[in-house]
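Each of the next two complexes has chain A plus one other chain: chain B in the first, chain C in the second.
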Partner chain A sequence: MSSTAVVNRKIEYSESENRNALIAVKAHLILGLAVLLLMMLAGLTMRAVQGTWLEIGADLFYQIMTVHGVGVVGAAGIGSTGVLWYFLRQYVRLSNTIFWINFFVFVAGVVMLLGSIFLGGYGGAWTFLYPLPGKSMGVWSTGAAAVFQLALLIIGTGFLILYLDMGRGILASFGSLSKALGLPQLFGRVPVDTTHPPTVVAGTMVLIVNFLGIAAGAVVLVMGLINLYNPEFQPDALLMKNLIYFFGHVFINATIYASVTAVYELLPRYTGRPWKTSKVFYAAWFAIVFMVMAVYPHHLMMDFPMPRWALIVGQVLSFGSGIPVLVVTGYGALMIVYRSGIQWSTTTKLLFLSMFGWAAGVIPAILDAMVTVNRVFHNTMWVPGHFHFYLLLGLLPMMFGFIYHLTGEGRQGEQPKAADNLGFYAYLIGAFLTSMVFLASGANSIPRRWATHMAEWVTFAQVGTVAAALVVLGMLVFTFRALFSLPKAAEPR
Partner chain B sequence: MVSTVYAITLVVMALIAAVFCFVIVNSKKVETDYSSVTKKWYGVRGKWFFFLLTLGVIITYLSLSPFPIPDQKKGYQENEYQVVKVDSYQWYWTMTPNTVEAGKPVTFLVTSGDVNHGFGIYDENLELLGQTQAMPGYTNKLIHTFDKPGKYKILCLEYCGVAHHAMITELTVK
Partner chain C sequence: MFNKIKREWLLLAAFVALALPPLRQFLEQSMVTHMLVQIPILAIIGWMIGKSLPANWKNKIASWNQWGITGMALAIVIMTYWMLPRALDAAISEWYFELIKFITIFIMGMSLSLSWPLLHPIAQGVFKLEFWATFMRLGWLYLDLPDRLCANYLLSDQRILGQLLLLGGSAWAIAWVFRIMFGTKIINT
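Coming up: the complex of A and B.
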């Protein structure tokens, strides 16, 4: 199929709609980048405290830990939404107004989160694990915990509204979610159309899982809020844990599945080779729809009253979740770059790096999701090790690569600037070391979420601090580049 | 177990890195006929998929039989097991008794009086030997046999508030 057919699928918007949409996407990306930079500084601070190079109170440490967790998840959410929305609107008609509404709802939620943490003293971690928000032993007030949970509820509502619009747009263009996922092609009811956009498949998957994930999150947040003001209402702690981890796991995983659209859309442009959909591609994404939602019990393996079957499902699907990236998306990226004559710009380097980060990041995750391994790795530094690998080297390079693409870098034979090279390699080395030090710490049984480390663990934290400083250096370059080049950048052709 | 898992992680990640480096090194030389590239590597992909599938089945079977978590419905009698009742609170542990014998299995009955905690058993070298969650409304049964006498530490492994990191106690094994 020629590329002309792909162009013909694209939705026509007015010039003013396109201009407004581009501004909105840039606003999402710049906000995401700025929040991420602040969260990396928060991470650096925590590592310095654990490494005894900085002294702060435990209450402040756990407030920073809380803002770091919720900030990274939120920034990943808003940034990845910017990426997905930018590409998806090319194939389905999406509303700029609703996109902006979600943005401002998100900003309002962020203000509430910051108030609850730094004015109200809330330090119950971003996971708000019931019944901790209501039992702080006087460290934070009920009001602070309530504002934190209300903020998450409001942010979630904004995303739900956006997903409704995406769902409407997908149904209007493709007729059903099933067709958008390519299922009639997968099951042989219609011939395979290799030009069916991968972005539509990914966007539909994200829409389905995040809608359900956020709905579960809303349920648990409302139950938590009721408990705060009516302590006699005591929901089951294990049920609450299930809902929280279902919501949290789905939401953070959906960010990478949303952002990978940048790889599907941009690597073909930089290599001159198409990313064609196929039965294997549809099968992988169809499986992902279920696996992302059903795999969350791997967070609950040390909750022994969990049904045995649920933990087995958690282990098996954790392994299964690695297969699509190792066999389809990562493998596809390798094929498309191999002997393509690609020009290595910061854009393409970041996009290709993201595939490595995702593919390699699944390994420690899969191993930790084995029940027998989880007994000695759960809630150690191994866990932040694998998710920092995923996020720093997988998800964020997708977003950063997209930002560099929007700035116009890497096209027309332009060579990366020295500052961009410095940023890229500082970030690469720093992110890799940060993650590997976390993994090494986990392999040495060092627990996560400890404000004060024992003397035997301090060296790990100090090396981690240096690594985190390198990440911040790289991030500063990316942020300055985005702030100076992105606002005035024209729509890439 | 821990060092094996760590070594496997490093080796597999290094192999993945090597594959990506191979592609980077081979990215400049242009092969204009992309269909010949896909034809060749799609063939490899099928084998790669079946390799991963087979590996997954083998690992699943070997790692889950027998199931690594003790039966929570079973009553663990005191003539076969040493029974230790563990209660957790913000931010301390109570263990009754807090001394056990080496060589005979210990059943820890772990619960919480307030929020979620994590009951982690560490040896004198600060190596994590086993753990379970301590949850309000539930009693988790964790079985562990200590190989040698000594002073073992119990650390909290689930974030439980401002003094979470100070929630440490000691278990004596004779």
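Coming up: the complex of A and C.
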């Protein structure tokens, strides 16, 4: 079946299937939002501790840091999956059952993670870098480290099952992943079809990279688990680190590529202009399939035994990795909005903000991916500065914008409510300040992942605490909006 | 009908040939031929016999094999057991273990053929991935371990098997990638 034949015919589902699917998507979003809110409170707590406004034990600080890292990545994963699945199922037949299975597997994994951290005392960060989980010096037990890694393994398995279903659906509708990516059109084997859905292209890219990333994660988690119970088994530490960062970098990166489908699908509805695919669009997404997987060595620049070529590849591709899709999407969004007479609702404001967050958030990342800069900024607050910018202002606004769309906001041409405006601007200012304070701290060589800060660093942490409080305020508005309006909201037209 | 009977007899003849000393000893003298030739052929014979079972037999079995779960569980238990180095050693040393191996691997092939079509496509995908991962895992293990796993085979034999498993797994992965990336429609929903 050619892709042209498919796009003109959206997949038909029964009334009950659609109802069930909408409930499932809302469940994903509400869970993601709730976890994110809790993680932001955890982040606020850490900044307050570093700013000497709050006193907690170092053990608890590292437990909070661990739950914050793993929780945000997990919530971003489950939320962005909800966004992608909602739009992708319009073009390929997806199973509600598999979607729910992944959800409940995820919930089970979260319970295990919480148990391992707060009951077992595991505080070795989400990175579970070998051999740290097995060498806690009595701070946590082997069992706690094992449950933590087992939980990640289980969560990953759930995602793999979901991706199998997405792959099955895409193959059934488009015949091959290359057709879904638009490669025959890109290479001129068939004429360009401007109605080929961007969501399918993005979904296919996410499927490919995340499948491989999670598979690498499963391998390293199993190796780590064997080591925990059989310490004679000592895998190569550098291989483990490579696998962990390949998995981690790909997974968190894929969340933004999954969520950008909200921009592709929703901005055209609010501007009345279709998002047309083109050869440039296909080329950008094809390039990003490889780039997302090949940039992770920029996390290993201080690991001197790494092959030189891998670090050079990591640096060069990091310069370019953000550019293809970002330019295509950012430029596309600007062109779609420009003089379209768009009505600015919270949905559209958030979606448009996400373009800024994505575009600007990648700049500190590119800087840190340069070996000479990394030599100074490695493991300083610059790193959280980059990913807080990228996630708070790039990824999350895409998810929040989609949530506002689902609540039906702006449907009857109503203006955003005062509370929504307050939430939006509190969040925008707070998120921007949070990221900038992190970046400024990094530029001043303040290390990351330290429970106790030196007196000279405390002011940065205190400003960061105020900024984080603003983020939490905005997030509270978004969460209340979702909790009160989302459950009863009907399917948007 | 004649063709069908003929094929079953041929399969039976192949099974007997594998069990008789010349071929059995020839295949079992090396870890590579034991694990990559004899055992897979036994499973394939079981698979083909399973395919040619009469329809009413299949129906009777199917009521005990909802969604293929029972058959796959049985196949996994058998497969796991025969992946233990001790079990493989025992099959060479003790005739009754050898007999059990011939029967159970044959049953494994049969249960796979009866259960695979009943499985949900996603479950098929999970099993395919797991089979592939087993190839890669064992290949890596056989190459990496400094000691012999089977008392009856040399370390060099184990290493060759490890290389072949990795090679086979890699070829499988490449074939898979080509099929998924560039193939025509391969799955019906």
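Miscellaneous remarks
Here, the second predicted complex is superposed on the first by the 483 of 493 C-alpha atoms of A that agree within 3 Å, B and C clash if a C-alpha of one lies under 4 Å from a C-alpha of the other, contacts with A are read in each partner's own complex, and residues count from 1 in each chain.
Assume contacts are C-beta pairs under 8 Å (C-beta built on N, C-alpha and C of every residue); 3 or more make two chains touch, one makes a residue touch a chain.
Because the structure is predicted, anything quoted here is derived from the model rather than measured.
Contact with chain B, but none with chain C, is seen for A:P305 once the two complexes are overlaid on the shared chain.
Residue contacts after overlaying the shared chain place A:A237 against chain B, while chain C stays out of touching range.
Comparing chain B with chain C, more residues of chain A are touched by B. After overlaying the two complexes on the shared chain, residue contacts for A:R168 are found with chain C alone; chain B is out of touch. In the superposition on chain A, none of the residues of chain A is touched both by chain B in one structure and by chain C in the other.
Interface residues of chain A, counted against chain B in their complex, comprise 58-59, 62, 123-125, 127, 129, 131-132, 135-137, 139, 236-238, 241, 273-274, 280, 301-305, 308, 311-312, 315-316, 319-320, 322-323, 326-327, 331, 334-335, 337-342, 344, 352, 355-356, 359-360, 363-364, 367, 370-373, 375-380, 439-440, 443-445, 447, 449-452, 454, 456-457.
Listed in rising order, the residues of chain A touching chain C in the complex are 1, 93, 95, 98, 160-161, 164-165, 167-169, 171-172, 175-178. Every residue of chain C that touches chain A in the complex is listed here, in rising order: 121-122, 125-126, 129, 180-189. Within the complex formed with chain A, the residues of chain B that make contact are 1-3, 5-6, 8-9, 12-13, 16-17, 19-20, 23-24, 26-31, 34, 37-38, 41, 45, 48-49, 52-53, 56, 59-60, 63-64, 67-70, 72, 90, 114-116, 118, 120, 122, 126-133, 135-138, 140-142, 155-166.
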